[in-house]
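Per-chain numbering from 1; labels A, B, C and D assigned in written order.
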Amino acid sequence: MSAGSPREGQAQAPAPQDRGPAGNGGLSRISRATHLKEALLRNAFLVCACVAVAGVTLIFVFVGYQGWPIFAKLGIGEFLGGRVWYPTKGLFGILTLVVNSLLAMAGGLVLGAPLAVGTAVFLSEVASPRVREVTRPAVELLAGIPSVVYGFFGLVLLRPIIARVFGGLGFGLFTVWVILGVMIVPTIATLTEDALRSVPEGIREASYAMGATKWQTIWRVLLPAARIGIIDAVILGMGRAIGETMAVVMIAGNAPVIPDSIFKPFLTLTTVIVMDMPYASGDHRTALFGVAIVLFVISMIFVASIRVISRSRGEGD
Amino acid sequence: MRRRSRVVLLLAGLVALAMTAGCSVGGPAQQKLTVTGSTTILPIAEASADMYQAAHPGTRILVAGVGSSQGIESVSQGTSDIGTSSRELAPEEKKLGLVDTKIALDAIAVIVNPSNPVRALTMQQAAAIFERRITNWSQVGGHDMPIGLVNRDEASGTRDAFSKIVLKGRDFDRTAAVLPGTGQVRAVVTESPGAVGFISLGFVDRGVKAVAIDRIRPTEATVADGTYPISRVLHFFTKGQPKGLAKAYIDFVLSTPVQDAVVRDAGFLPIDKALK
Amino acid sequence: MTDKLASQDPGDVLSAGADKFTVDGLDFFYGAFNALSGIDVRIKEHAVTAFIGPSGCGKSTFLRCLNRMNDLIPGTRCEGKVRLDGHDVYGPGVDPADLRRRVGMIFQQPNPFPMTIYDNVAYGPRLHGMRKRADLDAVVEESLKRANVWKEVKDILGRGGLTLSGGQQQRLCIARVLAVEPEVLLMDEPCSAIDPTSVQKVEDLMAELKDRITIVIVTHNMQQAARVSDYTAFFLQELAGEAAHLIEFDRTATLFTTPRDRRTEDYITGRFG
Amino acid sequence: MRSLERVDKRLTNGLALGVIWLAAITTVAALGAILLYVVVNGIGSLTPAFIFTWPHGVNMEGGIWPTIQSTVYVTALAMLITTPVAVLAAVYLAEYAVQGRLVRTIRFAADSLASVPSIVMGLFGLAAFVEGAGLKFSVLAAALALSFLLLPIVMRTTEEAIRSVPRYARWGSYGLGATKWQTVSRIVLPSATPRITTGVILAAGRAAGETAVVIYTMGTMINAPLFPSDGGRTMPVHLMLLAQDGINLHAAYGTALVLVLMVLAFNIVARWVSRRNRSMQG
């Protein structure tokens, strides 16, 4: 059968629709079956996508239902504004816990963010491929380590060192800052690196072409260009830091007061839950669910602010 | 498509591993006993439960350490067969008709760092320290060093007993560190020169120094004869007289081998010597 | 450039041939931007029609209107009449999948699937229900032969499609389309990314397919248009941001020797574009 | 003046790059310190007996087998629940979704779920599944709660994997008259599967290391779960309780090491799958 000979003599390839070379009459209508199947599948996928929305709603409903009475009983002002958290005496003011959580997060950021951005810049701009081949898996592995291992490490190694060096018991904001700082590095570093990598190559070349050093290029051109991505990463890091529980509860010392030094024990929104939950009942248990609502709202605020920032950049999805 | 089936295979393998492993160890349970309550008593309850189950196959004893109050509440509601508690019943709890079986004695030692020269405290000084009315070791004959208070979590029976006996129900200082376990208290006191805390006498080791209270050093003898002031009784509560598996288990715990091995191993004092 | 044309017999009167595609008053929008406006053209059946014009003049976009591939780009809109054998392609209830089966497409960048050569070609028939191994073997061999690549791959059908050279990959893609027996073959600058020998092979196979399949080829290479096509359409976007128009459409011989419109003449004599 | 300015510029450049190197070194050093500490202290207790026997005695001497089984069980069950939903949701977002309010809501919900603190997810599991649905402390309740935590993670990696399938591969399929589902199921998903598998395995690593969610949904009773309705104590919870107790540090270090090794294994398998895919793609 020489190549390209016309196919008149050829047996028709048995295809479902009759398709002679001259083409059949009209364009076939979408067969009901395929149309239905496609529509069915599309809706099934939509339902799966909506499970995420259902998830958030369910959390609000269930956690909200359990925690709502404390807001009703004390009123948001009293609950959020109350300075004293003393469950056995029926005092459920969580202002102290909110302040402590913010202090812990802030310190963690001050340590973690520069470390993370520095590592990200190193990975995307400075490291040679061979070095990058080692460093990136290290950062990813750092992200993989369970937070309870971070806490345990903090408790048995870091705390005694800080106790010996700075005096006191080793618990306190400083210890938490160190551990949180290390924990949020992977979160911020990977996102920052993505932001840096999405900066078009041409911008770097243009800057170098004008005689700028690597650092000038990074500082004056790259970081500003990736600014929005970095801010998003830092905000996500904040969310991770304020939501951390297991690592913090082992090294914070859990005293329900605002500590008068960074080496004194303190209690946060997350650690009060894990400390009190096993034995809390009645109003105390409701208050803990109330704290969970506050934590959930804070994390939503962070997500919303990322959305606002990225939309202000006019970046379409 | 070949590749997608491999992913499903991987996940199914994971579950199968878990399922088959499960069958080899846990067998179906005929008699079941739930024992919930004090974290202090948890070690005793679990260890004796394991020994009992080993000796009586077919029985399953599930033990949970959720705190004395929770233990008392769940045994009175019937969600558990035995409620363990390291504190006396509160007035309103006495009305629940619970039968008390004393199973061991616990002496609470006030511990300091070995380098701390302080060897003895009066009950009032101990109370003043834990209420932060005394803040520096020099005020009780030690070096000029701030006192680092280490307290236990509110669910702890040890803390509750210490509060009743030493502080006479007054409040602990709220800036004290709150630690969830005996071992952590001991570790912190071992590593921090200015720290002070309280743990069961049985857990005192060379890393810490137990302080004499009102000139009586905490030893088995002084606890047994009742002269050491900070001690408490450990209770097994049941709804009505213990019967069936609950009674068998309680008798087992009170038996000499368990008292000498398990109770002592957990740092407590066997009940038979003291109160006989 | 002109002597090349002379060898083609200007007097060769192609059979009038029926109109495969009739396009009237076609406008195309990317969101609000009117990319193409007022396109009227007749694509002759069993002939090669070339779309030429400077890059960015919308010739590829128009090509994608013919088999509704633009539907896949969100925010696009196509107005006006596009009829295949007299039936409106954008009519209600028309199954775009069936339309695309009958109006196959070859892309500028060769895009074989990450599968074996055999599976690449068998993909189409399998889509439309062909199961039996014997049938598949026949269609695969037949299509690879018609795509002028059988000799080079017949012993390595089990190897990955992506391991072939650029030219071979493009012909594999052609074979893949031929396997579903299209009536029309749209080719979007098929030869711009492949080696010269493969270009020659593609042009040869176009000449052979022409008598049974209608071919429309977009190219910015005028010599190629002159060589392979029977009819040529010249598109132009005069002002940036303005819609592109069809300037002139005629037999290739006529358009290249005696263009009616000055802008066509300027373009084909290389004065711009 | 000119040469001074050049020296100064080069100096700051060197200095700045040094600081960047320092940041990277500190990060890797932190990882090294944690791994080294856990391995050095844990290797001693890593005996077959420690792995395959049950804890016994007052301070949980002996092995940690039931906690390993609990961890594997809840992780596998959570992945079985999450993966299908997450993959199909990602298919919707990557292939079917039209830009609009609905898609923005879904993305916002997914991001919110991803940033929910695990302690809040734990309480949600307690309120919704343990008490609400009456599942009591069980592997199923824990797996359900975990699946909400993992959903956004697997959704994001799957969507990225799907979007990384080149557009012209899809158009090649559409060009042959394939329907959307035929194209997705025969071209897009198969070529995205290696990256999806990597995402799923990394998510499993996250689930295995989770404590706060599991402690309120599976309980803390030492038990080798057989049926989804059984409770159990996972390794992270066991580590937490050992650390809180502070008596049996020997077992705590051992558990920490086994946990880290498990997470390490997940990471290595994930990396191996993605590298194998890259070579096959070529």
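The rule is simple: a contact is a pair of C-beta atoms (placed from the backbone, for glycine too) under 8 Å apart; a residue touches a chain by one contact, two chains touch by 3 or more.
Only a predicted model underlies this, so the values are computations on that prediction, with no experimental measurement involved.
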item	value
Central chain of the complex, centres being mean CA coordinates	D
Centroid-based (C-alpha) most distant chain relative to chain C	B
Chain C-chain D separation of Cα centroids, rounded to whole Å	48
Computed distance of Cα centres, chain D from chain A, in Å	13
Chain centre separation (chain A, chain B; CA means) in Å	38
Sequence positions of chain D contacting 2 or more other chains	99, 179, 186, 190, 243-244, 249
For chain C, residues contacting two or more additional chains	97-99, 102, 128
Chain B residues counted as touching two or more neighbouring chains	179-180, 184, 187
Residues on chain D engaged by chain A in the complex (per definition of touch)	9-10, 12-13, 16-17, 19-24, 26-28, 30-31, 33-35, 37-38, 84-86, 88-89, 91-93, 95-97, 99, 103-113, 115-121, 123-124, 127-128, 132, 148, 151-152, 155, 179-181, 202, 205-206, 208-212, 215-216, 236, 239-240, 243-244, 249, 252, 256, 259-260, 263-264, 266-267, 271
Of all residues in chain D, those that touch chain C in their complex	98-99, 166, 168-179, 182, 186-187, 190-191, 280-282
List of chain A residues in touch with chain D within their complex	34, 37-38, 41-42, 44-46, 48-53, 55-56, 58-59, 62-63, 65-66, 114-119, 121-123, 125-127, 134-135, 137-142, 144-153, 155-157, 182, 185, 189, 213-216, 218-219, 236, 239-240, 242-246, 250, 270, 273-274, 277, 288-289, 292, 295-296, 299-300, 302-304, 306-307, 316-317
Chain C residues touching chain D - in the complex, by the definition given at the top	67, 69, 72, 74, 97-102, 104-107, 109, 111-114, 123-124, 127-128, 162, 173, 176-177, 180
Sites on chain B touched by chain D in the complex	1, 3-4, 7, 10-11, 14-15, 17-19, 21-23, 25-26, 43-44, 46-47, 50, 62-65, 179-187, 203, 262, 265-266
